[in-house]
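Written below as structure tokens is the structure these notes are about.
Every chain is named by a letter (A, B, C and D) in the order it is written, and numbering of its residues begins at 1.
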Amino acid sequence: MTDSFEPTIIGFTCNWCSYRAADLAGTARIKYPPNVRLIRLMCSGRIDPTFVFKALANGADGVMITGCHPGECHYIEQNYKALRRFQLMRRTLQGFGVEPGRIRLVWASAAEGARFASEVTAFVEEVRALGPLHWGKNGTVPAIAAPATIQKEEVPA
Amino acid sequence: MTAKPKFAMYWAASCGGCEIAVLNTNEKILDVDANFDVVFWPVAMDAKYKDVEAMEDGSILLTLFNGGMRNDENEHMAKLLRKKSKILVAFGSCASEGCIPGLANFSDSREIVQTAYNTITTDNPNGIYPMTSYNMPEGEIHIPTILPVLKTLDQVVDVDYYMPGCPPESNQIAAVIDLVIQVVQGKAELPPKGSVIGAGDSTVCDECKRTRNVKTIKSFERIWGIAADPTLCLLEQGIPCNGPATRSGCNARCPIAGAQCIGCYGPAAGVEDYGARLISSFASVLDANEPEEIDRILDGLVDPAGQFYRFNLAGSLLRAGVPAWKKEKA
Amino acid sequence: MTENMIENTSSNDDQEKIGVYVCHCGTNIAGVVDVVQVAEWAAKYLKHRGVVIAREYKFMCSSLGQELIEKDIKELGLNRVIVAACSPHMHEKTFRTACANAGLNPFMCEMVSIREQVSWVHTDKVAATAKAKAMISGGVERVRHNVPLEPIVVPINPATLIVGGGIAGIQSALEIADAGFHVYLVEREPSIGGHMAQFDKTFPTLDCSACILTPKMFSAGSHPNITLLTYSEVEKVDGYVGNFTVTVRKKARKLDEEVCTGCGICQEKCPRKVIDDVFEAGLGYRKAIYTPFPQAVPNRPVLDVANCTYYEKGTCKACEIFCAPKAIRFDQQDEILTLQVGNIVLATGYQLFDARRITNYGYGRLTNVFTSLEIERLTNAAGPTNGNVVLRDGKTAPKTVGIIHCVGSRDKNFNNYCSAICCMQSLKFAHLIHERTGATIYNFYIDIRAASKDYDEFYQRVLEEGTLFVRGKVAEITDVPRMESEKGKLIIQVEDTLVGKQRRIPVDMVVLSAGLEARSDSKEVAKTFGISCSFNGWFIEKHPKLDPIATMTEGIFIAGCAQGPKDIPASVAQGAAAAARVLGRIEQKQMALEPVRASVIEEKCSGCRICNGLCPFNAITFHEDRMVTEINPALCQGCGTCVAACPAGAITGTGFSNEQIMAQIDGLLMLNVEPEPVTA
Amino acid sequence: MSDYILYPGCSMETGARAYYDSLKAISKPIGLNLKEIDDWNCCGATEYFGISKTPAYALIARNLALAAEEANGTRKLVAPCSACYLNLVKADHYMREQPKFGRQVNEALAAGNLSYKPGSLDIHHLLDVIIYDIGLDVVEKNVVRPLKGVRVAPYLGCMVPRPDYDHRWSDHDLPVELDMLLKTLGADVVDYPLKTECCGGHMPQISPATAFEMLRRLISVADEREADVMTTICPMCQLNIDGYQGEMNGFFGTNYHMPILFFTQLMGLAFGIEPKELGFGLELVSAKNVLDAIGVKTPPEAPTPPVPPRKPRKPEGLPMPTPLTNPQIETLKKEVTK
């Protein structure tokens, strides 16, 4: 079923490096799949796990967080905070049964339009391979499904 | 006598602790009796659902509803009591945000039933499993159907107020009872709909007496693993204390007693996702910049999902783990 | 527990009047995105979200396009605007100004980049159009939560701090001082002048370094608007643009500068000889009390306590005894000064690559291997040998000299970058040494980089002088001969890549054209001033092309080699440029800061102190008494890290608030679309 | 007490017995606990790898497999012989770097019911272990008879510091580890720029003339720099310089007398251990002068020429930059490793 499946991906970019990388990808007309929709933050340090969970819960199949390369953060060291949160977020999501591959952290400098594009392409393909994320699509409260009755014979003795 | 406003209290998927907490208000319970006509309170008095159904809509002034929505009966009662009550309070952590029963949302409800009826701790030689309906000579009988995911009260019906805590502190309950009585006597105004009552707006740290410094976490410790400094902030000692993100109102009972806060009072005012706040804040102050080093520190944090969502899972943004949703979609 | 249904997130729906403007950008956007359809869609499906008008236009950024928006704001009473066009980095300012002109707070306008992020990077028109819709819906949701913002205005203190008294710093100081504003020039060493003072000649014109530098040093020293703080270091920087408070440690010179006449008798009489590894690059000696060089500014000696006999043995005091005006003060202590300045220029310069790190070049082991700075001193008429180029024995003139380029530069074992000056410097040495000794000169180079005014002409000239050039990276310099002709020589083992042969070239003297490196303490300095450093220690400019002077921290500018290797003209230019920027600021008397800032809601703050260590700009302070945290809006740079970190949700950030971002997520995911969701 | 698996290699019981004896003698005082691999075999020396790759690496890898099996508690394998060390390291590295090749080698090993998972052992040369694991401080504690006034030329040979896969050495051309050790022993270390030049290897069998020229360079430079003795970490180097020095002298009509000892022998000497326990006297070019220099009594034999007095070397002319100190080197090492 993943052949026809087009993943929806929310991307968070920092205003100084990765967003400009996206701009550069544009100016250089480097093509990448349209599945990613970007949100601009001032810094990857602004990334709040709430955003990621919100996106996943409301129908995104993957989330991409991008920032300046370590040591080159325009706010000196805030991208390290993004890195730390990312790693803890990924661990927590594993507890929810979410594949780690569904969230990705990418460093891209303002000069790395091509890198940005290739990272997006790669990520979209990865998420496509993982298939849709079965969450309450469109944020609707899930309807109650069939009774969870287990008939005797269904159970291995 | 009949002039007295009607009071009801109901328990859905819960442990009964909330009821005990109400009783723990001691003589205050007499005020309830003095000022209210208790019409429905299964744990305290005998009553049948049909009695409630018979009641006029909106005839109950105040209903304290504890427990989450684990099966269709819980939901039925939630809807019924909503119809019958003027003020419906999600009472305690279960009704407000799912609490411990909500942790079941990490797994497929089938597994839950299996775990209950088919583990070595269960004496079930014939592997009998409950069935929702069964035809007997007398006719078909029913038992409630377990839902794929446990829901909080406000995920099923409209809720007027929330009262957090596992269970809510008795003194807070007493205060709330006083408030309602004053309202009834026209001496006070009700807070705006949807607000959290019987708790503070800040977090546990606000009430915690321990000394605090600029935080950095070099490693995570288990409470029994270290000789913790009794006066210093637990989190600074590496003990994952949920205090910073947990709503105030309990007088920081646990941290002051030397145990880390586990978060039963839920998120602070206006917070969208409790766990996310903890993830973000804990991670931000890790004392490492290299991925490997960060991982090394995080290895000390066993079961982060459980750590951050022990009480809040059903009420969180994600609300349940993938297995439960998969079931949901099936 | 709180379900974020869009219906109840927004404050008073009825009042939102949003205008959506979709730009064709000629065919740049319209060629791929069906702009007409997008506009119609927005008008129809986002009506219930407050969109009262949606238009498409050929060029929104044109004056006509802007007027369109202004007109609607006035006539339809729009209170929010979405422009779906190019990147906000392109035209955000344009459209926000347009809104302001129409009397709408500029921060009520948001841009959606459907060119850089859609039409230019996607080919599938259907998918592109769908994405454009999603992004507009995201923008609409976001802008619903925008609030009017007012820029934060801060006064600018007209005084300026310049750190580093090299040529860049001096230039900067003079420009500002001449314009009539006060400058504090802080220099670590006893005299200003920097590396340039150590040179003899400067390429390519070969004019004497001292002759052109000394006058500038002198006027800097005597300028009424310049307070010279030599032998001093900045210890602490507080405050923010326009209002910095700087703590400077003025190291004890052990003499009273007012009383001292700079006669120099103390240096003459001081019995203690010390190797001078700063000014003389370790090639000459100075006394324990000294001025680094005759033209030093200020012409006041310093007493080097570490090497002074008096401080070791308790006796001597020769300097004190002979000092006529009695200026020596053995008990003098360091002074701590606090300066109030509005802007800061960092011109802390470079340090030479430590050639000992390349062991097979033998510097520090083989006596007649020299570094570039050593040669500068050797060739300098005022140097330890009065300008005679001799071997380390102090007498013999070399007959053959090998000059090795790119030592520690363009070498992945050391520094990847090109140090920019080494080629020209090596050519200069080739010329000078040949001129002084008539020696045969070999240059061992990878590439010759002589790309600046008159540089290549100089290269031609040196070629004509008969300097020999061998293209290849030198493998080894050894004093182990293999044949008679090599006895007593330094043998340079190199592959001549033009001939494709290994060569062993015996020489008397080797000059290592060592590269430029950032100061070893540049990372600490960066931390002190709250700016960022590249991993190899150069200060990072605000923009590599369009703003190589400013830094990410308002009010702090960089000049000279501190920003990256460069030659004297470039350093001077950048010094002057920094001055110009500072003067501009001073003339404005005050400046407006972007109002993207974080702030603490006190009643929600529990004083957990999670955020306290997170701000690299020291904008976060904790009030022990009230047990709450506060954020200084003028120091805050608006990164939002603390907003995201606050466990109690007690910190809010303007411009990028949680509400805005959460709403934008829903919008991007099309949760707001009614009546029936459009199929992407 | 730190435990290591020892791969001695063929030379230790034959040509380089002095090395083995002295190693045994010093290992106790410095707390070096060596456990020899059971049933180890030839390392393939230098030629085999040029002749037939897979069998050659299978040959050496067999030792790795055995060592890995025995590696209970420790995974550190130490080889005193440079050639053995290099072959072990290369085998491990290539198997890791080229998984296909690794599989081939393991197929071969499977014949003997063996297999080796690359990376499962840390392979060190003896000198590396002594400097960086044991530590010079431990060595220093054991020095009871400093080698005062003995001028030693440190000679490592070509096989240990290159290729330095794990960035263990301070430098690849002029590493300072051996110098540091010798200084700790109290010896005067001669600046010996050829410390990692080739000793000729098996050249004496193939083309004596070439070999002799290479040996002449090594020995003459040591001699010009007034070394009393050379010291090495490699049996092959020792064999060539010691064994062929006579022939070399004959070939060039020179008269060099340049004894070469294993660094472990000098350590033992400084530790106050009896020379004969350290294999002194096994060398062909007598190192008696060394013993005399530090006043170790030896039965009088043919009178040896008195050691010429050293000229004092005080700085003349322009001052020299000071060489890098050990801590500096350590930091540089770290930079390199980054």
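Heads up, the rule we're going with is that a contact is a pair of C-beta atoms (placed from the backbone, for glycine too) under 8 Å apart; a residue touches a chain by one contact, two chains touch by 3 or more.
All figures in this text were calculated on a predicted structure; none of them were measured in a lab.
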Next item on the list: List every chain that touches both chain B and chain C.
Entry: A
Next item on the list: Looking only at C-beta pairs in contact, point me to the busier pair out of A-B and C-D.
Entry: A-B
Notebook entry, point to check: Centre-to-centre on C-alpha atoms, which chain is most distant from chain D?
Noted result: B
Next item on the list: Determine the centre-to-centre distance between chain B and chain D, using the mean Cα coordinates as centres, and give it in whole Å.
Entry: 70
Note to self: Can you work out the whole-Å distance between the CA centroids of chain A and chain B?
What the structure shows: 30
Margin query: Please tell me the distance, in whole Å, between the geometric centres of chain A and chain D computed from their C-alpha atoms.
Written below: 54
Next item on the list: Go ahead and note the Å separation of the Cα centroids belonging to chain C and chain D.
Entry: 48
Notebook entry, point to check: Tell me, which residues of chain D touch at least two other chains?
Noted result: none
Notebook entry, point to check: At which residue positions does chain A touch at least two other chains?
Noted result: 48, 50, 54, 77, 81, 85, 141
Next item on the list: Would you please write down the residue numbers of chain B that are in contact with two or more other chains?
Entry: 155, 272, 277, 280, 284, 317
Note to self: If I apply the definition of touch given earlier, which pairs of chains qualify?
What the structure shows: A-B, A-C, B-C, C-D
Margin query: Which stretch or stretches of chain A touch chain C in the complex?
Written below: 6, 8, 10, 19-20, 22-23, 25-27, 29-34, 37-43, 45-48, 50-51, 54-55, 58-60, 71-78, 81, 85, 117, 138-139, 141
Next item on the list: Under the touch definition given earlier, write down the residues of chain A that touch chain B in their complex.
Entry: 48-50, 52-54, 56-57, 70, 77, 80-81, 83-85, 87-89, 91-98, 133-136, 141-142, 144-152, 155, 157
Check: Taking the complex as given, what residues does chain D use to touch chain C?
Finding: 171, 173-174, 191, 193-194, 217, 221, 316-324, 332, 336
Checklist line | Residues on chain C engaged by chain A in the complex (per definition of touch) | finding: 3-5, 87-90, 113, 115-118, 120-124, 127-128, 130-131, 134-135, 138, 526, 530-535, 540, 552, 596, 614, 616-617, 637-641, 643-645, 653, 655-656, 658, 661-662, 664-666, 668-671, 677, 680
Check: Considering the complex alone, what residue numbers of chain C touch chain D?
Finding: 275, 277, 282-285, 356-357, 359-360, 362-365, 367, 384-385, 390-395, 413, 476, 478-480, 482
